[in-house]
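You will see subunit A twice below: alongside subunit B first, and alongside subunit C after that.
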Partner chain A sequence: MTTSLLPVLPVLLPLLGAAATVVAGRSAWAQRAIGISVLAAVAAVATVLLVQADRHGPVVSEVGGWPAPVGIVLVADRLSALLLLISTVVTLAVLVYAIDQRIVDYGRRTASTTFHPIFLVLSAGVSLAYLTGDLFSLFVAFEIMLAASYVLITRRTDATRIRSGMTYVTISLASSLLFLTTVALVYAATGTVNLADLATRVADLPTGLQTVLALLVVVTFGIKAAIVPLHFWLPDSYPNAPAPVTALFAGLLTKVGIYALLRTRTLIFPEGHPSTLLLVLAAVTMIVGVLGALAQNDLNRLLSFLLVSHIGFMIFGLAVSDAAGIAGTALYVVHHITVQATLFLVSGLITRRTGTVSLDKMGGLAKRAPLLAILFAIPALTLAGVPPTSGFVAKLALLQAGAGGGSGTAIVAGIVVLASLLTLYAVVRVWVRVFWGEPREPLPDNDPDDELVVGTARTSTPMYAASAALVAVSVAIAVAAGPLSAITTRAGDDLVARTPYRTAVLGDGGAP
Partner chain B sequence: MTATPDARVPWDRWDAPTEDWMLTGDPVVSERTLLLELAARILFPTVLVFSLYLLLVGHYGPGGGFAGGLVAGLAFVLRHIAGGRSEGAEIGARVKVRPPVLVGLGLGVAVVTALVPAAFGAPVLSSAKFAFDIPLLGHLDIVTSLALDIGVYLLIVGVVLDLLRSLGSGIERDAREAAAADDAGEAAA
Partner chain C sequence: MTTISLAMAVVVAVLYSVGFYLLLQRSLMRVLLGVVVLGHGANLLLQLAGGPPARPPILDGTGDTAGLADPLPQALALTAVVITFAMTTYLLALGYRSWVLVGHDEVQDDLEDRRIARRRTVKASMGEEVEETGDEVGVDPGSAAASDDPVTSTADVR
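Take a look at the complex of A and B:
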């Protein structure tokens, strides 16, 4: 078994970049150049990893030369590499948007001792979460990610933001405690935290203990991924952060929770048949989320509830738990990371045009900003799953999986269709209120220091370009749906078979 | 907070105790206690040397970069608490390196240490041991992971200094400004 340098780079490069941006704290341009080049390099590494993993099987790196299951391993299989690639591309686009928003708001020369380093640290945490082959390192990855997100969500605060930050920090800490407890219990029961090793060890445990551990994992990652009824913190905290930060959190953080569920459910707690619990959770999440969205008047809160709703779609594929369902979830995650981040970025552009997040006070933006209308329409229709967008492709994969899973999954597949229609209704409602009707003057900017609602038309080309690039990515996903779904199908087969991952990590001894 | 030129003090007086008290209740009215200042002066270098000892023995004994960095940080905390008051000359202004730069350097050293073995074809984060026999000192083992510990040490010291700057001196400065504003208000009334 060879050990490779590549899987380590997506974690270490952003950390090195974070260090460099702190040291270069006085030069805004140096910080920007470092941030963008580091993320571009990580994207390149992720591409290479994806190609290698797809052609030759999982790429493994043994940290410190200690072999698994004793040492920590980083593993890039098809799923990890694919999600790493799409996440890094989205992170890069969000960074460009954020940099430009900062230039518009604070001037070209304003450097920041916190923003760029923390942004890169967050990116390192996300990479580590995708790549680690070890339950405890997964905990560490979540902590890196969350610690960075605490800073990002409470920067330049006012009372509202402190309040929503409190909710976010409290919930995240609670779920981290639960996660740590779970890791301790797993270690006490099996004597290992290596995921590949756990795959065999957990199967030997008593059934009751297995169920408890599996439930703990679902609750822990359920909080991170915002599954109803563990979702209540999300619409309370995300909308109060600046647009790029919300876009990053909505695009990546919840999806890392989904990834962790996907990895642990397939590798450690495979059921082999559709999981009733997850099916019910998926159905409730889809419906509660989208109904919540219909009741909102605040654009960002509406998008947050839609995010919750679409987490249900991904749980649905996971609940079906055969190769087709897992592949559908993987494809849906790829599509949803892109489109949700785009929608929040565009929402940021909209609020800068209108000076408010309240749908009641907007109107007629299609005439004043036709480009913005296009930038909103494409991801909105993609989210709803209108053919031929990437949302349609992903939902089709899920529905096909659901139709093949039995009567229970077929019923929930019906709810998928219903939730998609309601999503369409929700985004059309936004469209009518924001873009049609009498053009209204933007509301005055009452508080110039407030990053959240900027009631001036001060935007700049790169902000549009970053949003447009993400729209292009989601269109590209739809265009490349064939090869992409071929990769996710192979990834789903890998995950359900479990052997490729285990032999890659443990050598031939990992084969059952 | 930036170090203005007039806030800089000569190197020989750089640790002269001129700081505010942190915990005297009313931070505006500051008092100095001779005993604590004296103890801080004697302890400050001793504690720093002890922190370096912890850093170096960390590979085989209790200690390491994190423990050493915390102990060094405690030395600065002690100095901060014992110091008297002075306007605009907090620890951040006296230590020539800005704390975030220390944090960045520490993180950078740690990450580079992790990556260096890859240049020699070894897995990331692996370490090598160099043994020396030095006259007088005797046998000496230097493990390359010491560099990682040094990075962690710098990072922790940087974080503690930054905390002192923002939560220690920063709060006192805010309190002073608030009190000054109150006084001005009363005078106007």
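Take a look at the complex of A and C:
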């Protein structure tokens, strides 16, 4: 165990940066510089945390100097440091894309008093959610993150955006209040909200009560992660936001839900055997999501449904609930954060070149924008899991875990393969409809059938560069698959053993 | 483990049912009231986790903790109250913006979703030959689409 102040920085730096961008509200360049340098610093801190956590065990920071079960702790173990690193890298790329899109749309000198501060606050919320070792702080982290996302999704509102914003805000509030209920019930039952402390105390509760609490946790985080019966809000709200915002939400927000589920399921409610409920949910999520995607004509909605479908893959690893399954989920989350954000960024570029999100009205874009065809093809094939890509590595880890888990998990592993093939069909169909065929003229921006307002035909090099950088990250994940899966395997072992986390937070008394 | 009195359990249950009922309404004002009521329910539950009502959360100097309430849930509830308050304000602003932009504060159906559903029904009833013109069918009968579209209908009334 290492005690240090490092885990505080990923939360503190973006918050201070947000304040600084408000102060620098008149200078667009100062805001951009602050945003990019803060996120780069957080990425550096996350790298150090990952190395430390991997070498010496979880890095713990006691906020305010209060020791663990009483005070709030921030814990960076292998899983949270890894997710923090990849999330910050993706956030940074999205920020570069967003800054450049704003330059293209509103001019070089337009500063914003909301965009930059809110973007950094969102990043602080995501960091806190990954790092906190306290159930109530997790609630606060979700609220910081969601409040920032409400603002981002309803900025520059028109009638469509306000509709999707309302759906999103209402459903998120409902799930937040359910989360608060869970915290209240957990505290009433155990007298603590510290995650490491809960690990011991929940085990002493009656089985019925444990089941109730575990189910509440699944529903609460299930809404945030968009697991299938609870997913309806996602394809309705995400596609209407501007491309960088959608990319950020799709990459990070649902995955934070998955992380919360992963942390609470392994630490507080470990089952020790495959969970039938989660297996069924995973299978239904994968199939419903991908079939929903096949029915869509709107590019962004199609990608949103694919996002829902791939949440099912992560739930599958969690459902297997042995070390291999958890490690598979961790690897899948890392891969999926990158690839889903990339797809939405590239979709933003496509939309700008064609003036529409409707697949029926696109065609022949490969002749006008060959680079875009490649930029879309690589993450699309990665998402489907075609062999040399990171998607293949992550899916292989999940399938191996599923094959070792018994007959029930083997059946769902078959569904994983089926859903991957259907994903491949969906993305190849999109690619053919967008990039092949007769070239079409870009539609004017005030197209009445189109629900989005985009700056048609105005793209710039940094937007391509940011998307290309994320494609490079996902290729790098595939290249570094060996060391990376070694880390996630160790993370999976840690999570299933539970001892490293508890000892790090509570001292030697935390060992069972 | 803390147990709570029946009266308090009933109050919490009523607040939750009223809150969720209002949350399921179309009008954003009712949703807002639902969030407020539900927030009260959740905060009351959080308070009750600290012990029976009417006990002070302060030590009296004797070091005797027998008649005390647990102060932590009260601190948590305080945080949660502030968050709920902020969200309520935000929803109010959103409702106002919706009223300015579309003339009412009702949450609308997803148009693209309806378009896809309608395209399927038309295809099924007209057979295979319209398959390629599916998108036109969805968009073209604009009058039929607009009449059940609450945006335009309420705008007319206004």
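Throughout what follows, the second predicted complex is superposed on the first by the 502 of 512 C-alpha atoms of A that agree within 3 Å, B and C clash if a C-alpha of one lies under 4 Å from a C-alpha of the other, contacts with A are read in each partner's own complex, and residues count from 1 in each chain.
As a convention for this text, contacts are C-beta pairs under 8 Å (C-beta built on N, C-alpha and C of every residue); 3 or more make two chains touch, one makes a residue touch a chain.
Here the structure is a predicted model, which is why all the values come from computation and not from measurement.
After alignment on the shared subunit A, the placement of subunit B and subunit C results in a side-by-side fit free of clashes.
In the superposed model, A:19 lies in contact with subunit B only, and not with subunit C.
Once the two complexes are overlaid on the shared chain, A:64 sits against subunit B while remaining clear of subunit C. More subunit A residues lie in contact with C than with the other chain of the pair subunit B and subunit C.
Of the two partner chains, neither subunit B nor subunit C is touched by A:494. When both complexes are overlaid on chain A, the residue A:184 reaches subunit C alone and has no touch with subunit B. Looking at the shared chain after the overlay, A:296 reaches subunit C, while subunit B stays out of its contact range. Contact with subunit B, but none with subunit C, is seen for A:113 once the two complexes are overlaid on the shared chain. Of all C-alpha pairs linking subunit B and subunit C after the chain A fit, the shortest spans 8 Å.
In the superposition on chain A, the residues of subunit A contacted by subunit B and by subunit C do not overlap at all. Taken in their complex, subunit A has these residues touching subunit B: 3, 5, 8, 12, 15-16, 18-23, 25, 61-65, 113, 117.
Within the complex formed with subunit A, the residues of subunit C that make contact are 1-2, 4, 16, 19-20, 23, 28, 31, 35, 38-39, 42-43, 45-46, 48-50, 70, 72-73, 76, 79-80, 83, 86-87, 90-91, 94, 97-98, 101-102, 107-108, 110-113, 115-116, 120, 135, 139, 151. Of all residues in subunit B, only 98, 100-101, 103-108, 111-112, 114-115, 118, 122-127 touch subunit A in the complex they form. Residue ranges of subunit A in contact with subunit C, taken from their complex: 136, 139-140, 143, 147, 150, 154, 157-160, 162-167, 169-170, 173-174, 176-177, 180-181, 183-185, 187-191, 193, 205, 236, 239, 295-298, 301, 358, 360, 449, 451.
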